[in-house]
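Chain IDs A, B and C follow the sequence of writing; residue 1 opens each chain.
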């Protein structure tokens, strides 16, 4: 089962430039929350702060409180430990090119020391089934490399890889922006099903996608959270004029 | 903003206003025809109905296309939905104007009778309501629309009084029963027009505020909102 | 409705001028000629070696040690083995250091120290091989008191390291950052990501770099002059002077004996063949190690 995410006064910087200002919000458990924002710098900064990926950029830092279930992200455990409990899917599908499909899915486990082969088989199968890829690849798990699949399949492979370590939260950074409409549709369908087991935060530049997939939507502008509400509210009667101007295409 | 879309919205607005003008004019003419016993004016109202119906169809088609092709959301979506509803109400106003004109035509055949009911005053109030509801749409101001909602009670009371007085008249002076009945029906038609004006006002409030104020249900507060300072 | 622009001249249908066509043919000819010019020396060298050396290659040559001066026959078996031995020592020393430095430069070296290391490697690359040989003599031979295969290995290793380092660095930098991020996102630590993911992705390129370095030092003579020194007999001890093919060729070539000249040609041919063989073999194995579809 997924857990809720609570963010309290999160700030983030790239060197001296501040990218996030006092973000406070909640993403409820077993729901999908979409983040929409006009294009500009620091697109994925917020989501990358949730699993401390932000820190992999030199000179970048973040401060504040992020609570994922019982896990206090910024206080106590190391960044590496945090990332083992949070799954992340990136904008451009990035399977490990030299590994087979099987090894890709198992990578998160194997690289962190888990080597029970029988259980690995089960986990790989379960993860591929969860990401609706099992039927298409079950006969060539160890023969085909991760990079030989189509774009949509690669992204589903990356989703399976993220799910294999059984995270409670899945962060998706514009997962469909590099995919064609059919693959996008399949992944949106997938997100809908995954909500039962996981909590999902999805950054998207496509507002129709946010409205199709997420129960809650947050609008960020220039590093601040302007409004967070139920998606139907945001898209029919947003409370803030800036939100309304953005979603109706008057800027951004 | 998307130019084609904006042009579509402007077009929709212009057409609705034109139709509003036609409907308002039809009601005024019909009432005047009743008061002056003017047969020519009655015919003008009957002939004008065709234009109103054509306008209604065109507005609905345009709104439909914009919805299908432009994926409007939030304020734009509310605007288009409001327009379709106002469209429908204006067409009914036109129908009521026709009904009033028909009563007027009937009355012309009959001898003039003194009736204790102030149709002109009621007609003036209703006409004001229609005009103000259309103004609130032009200006996009919810306060103007709110004022229209308040006037509805006044008109309702006028209609109830007219009902009581005219029934009494029919009992006391059976020879003017038909004239009284015509007057009663006109009062009823005017009250229906006022109801439509009220609907138009509610639709304007929905568009401007996003609040559904029909049937008196208060809207939900938002989950989270940033302060409106921009720095 | 925007006006459509009609073209006054239809560029697509105009015939290609004679001048452009002839320039095109000239360029194609020049390119083909360049390829031939490049292949010609290679072919000439190989051909001449075969011509001069093939007659002297026989079973005895490949299995016997050199005979004393004046006697006919004998071979370079110990030199072939000795070269392999010294190259093995050089690889064991040079490859880990080179790859390690390459990894440091690529993953952690975007700083002043990294720039210093890069500069040092480039300079080292340009140092004449004889100088490296003398340095190795000073460091290893003098402190040990005798010539040795180890000293030869050290000298060759010093020559291998810059090439391996730079190639490794470049190959690692070619690995897209997205791959590293995928590993970080899974909670893999940085060093583990570098070794298990980044390096693994760049394996093919890194091996090519190692092969380049290997091929370069395999035929070096000068660094071995004062380090391995050469040996007429078999030697498998790391601390003793050892024969090497290139040394043997040198010694025989400058000698006044025709018999030895003949054997020098044969040795040279063997040396070239072995290098080509070694490089091709590793290419094949490295290529087959990749999965279908991966680059």
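Convention: a contact is a pair of C-beta atoms (placed from the backbone, for glycine too) under 8 Å apart; a residue touches a chain by one contact, two chains touch by 3 or more.
Predicted model only: the values in this text are computed from it and were never measured.
Undergrad: Leaving out chain A, how do the leftover chains split into contact groups?
TA: B | C
Undergrad: Two chains share more C-beta contact pairs than any other pair here; which two are they?
TA: A-C
Undergrad: Select the chain at the greatest separation from chain C, using centres from the mean of Cα atoms.
TA: B
Undergrad: Can you figure out the chain closest to the middle, judged by Cα centres?
TA: The most central chain, going by mean C-alpha position, is A.
Undergrad: Just give me the whole-number Å value for how far the CA centre of chain A lies from that of chain C.
TA: Centres of chain A and chain C (C-alpha means) sit 45 Å apart.
Undergrad: Calculate how many whole Å lie between the centre of chain A and the centre of chain B, each centre taken as the average of the chain's C-alpha atoms.
TA: 51
Undergrad: Taking the mean of the C-alpha atoms as each chain's centre, how many Å separate chain B from chain C?
TA: From the centre of chain B to the centre of chain C is 91 Å.
Undergrad: Spell out the part of chain A that touches chain C in their complex, as residue ranges.
TA: That would be residues 51, 53, 56, 58, 80-85, 87-88, 90, 92, 94-100, 107-108, 111-112, 143-145, 147-148, 158, 161-162, 165 of chain A.
Undergrad: Which part of chain A faces chain B closely enough to touch in the complex?
TA: Touch list, chain A to chain B: 25, 207-208, 211, 216, 218, 224-230, 233-240, 242, 244, 247-250.
Undergrad: Quick one: in the complex, what on chain B touches chain A?
TA: Interface residues on the chain B side: 1-2, 5, 71-78, 210-211, 220, 222-226, 228, 230.
Undergrad: Within their complex, state which residues of chain C touch chain A.
TA: The contact residues of chain C facing chain A are 110, 176, 178-179, 181-189, 192, 196-197, 200-201, 203, 290-295.
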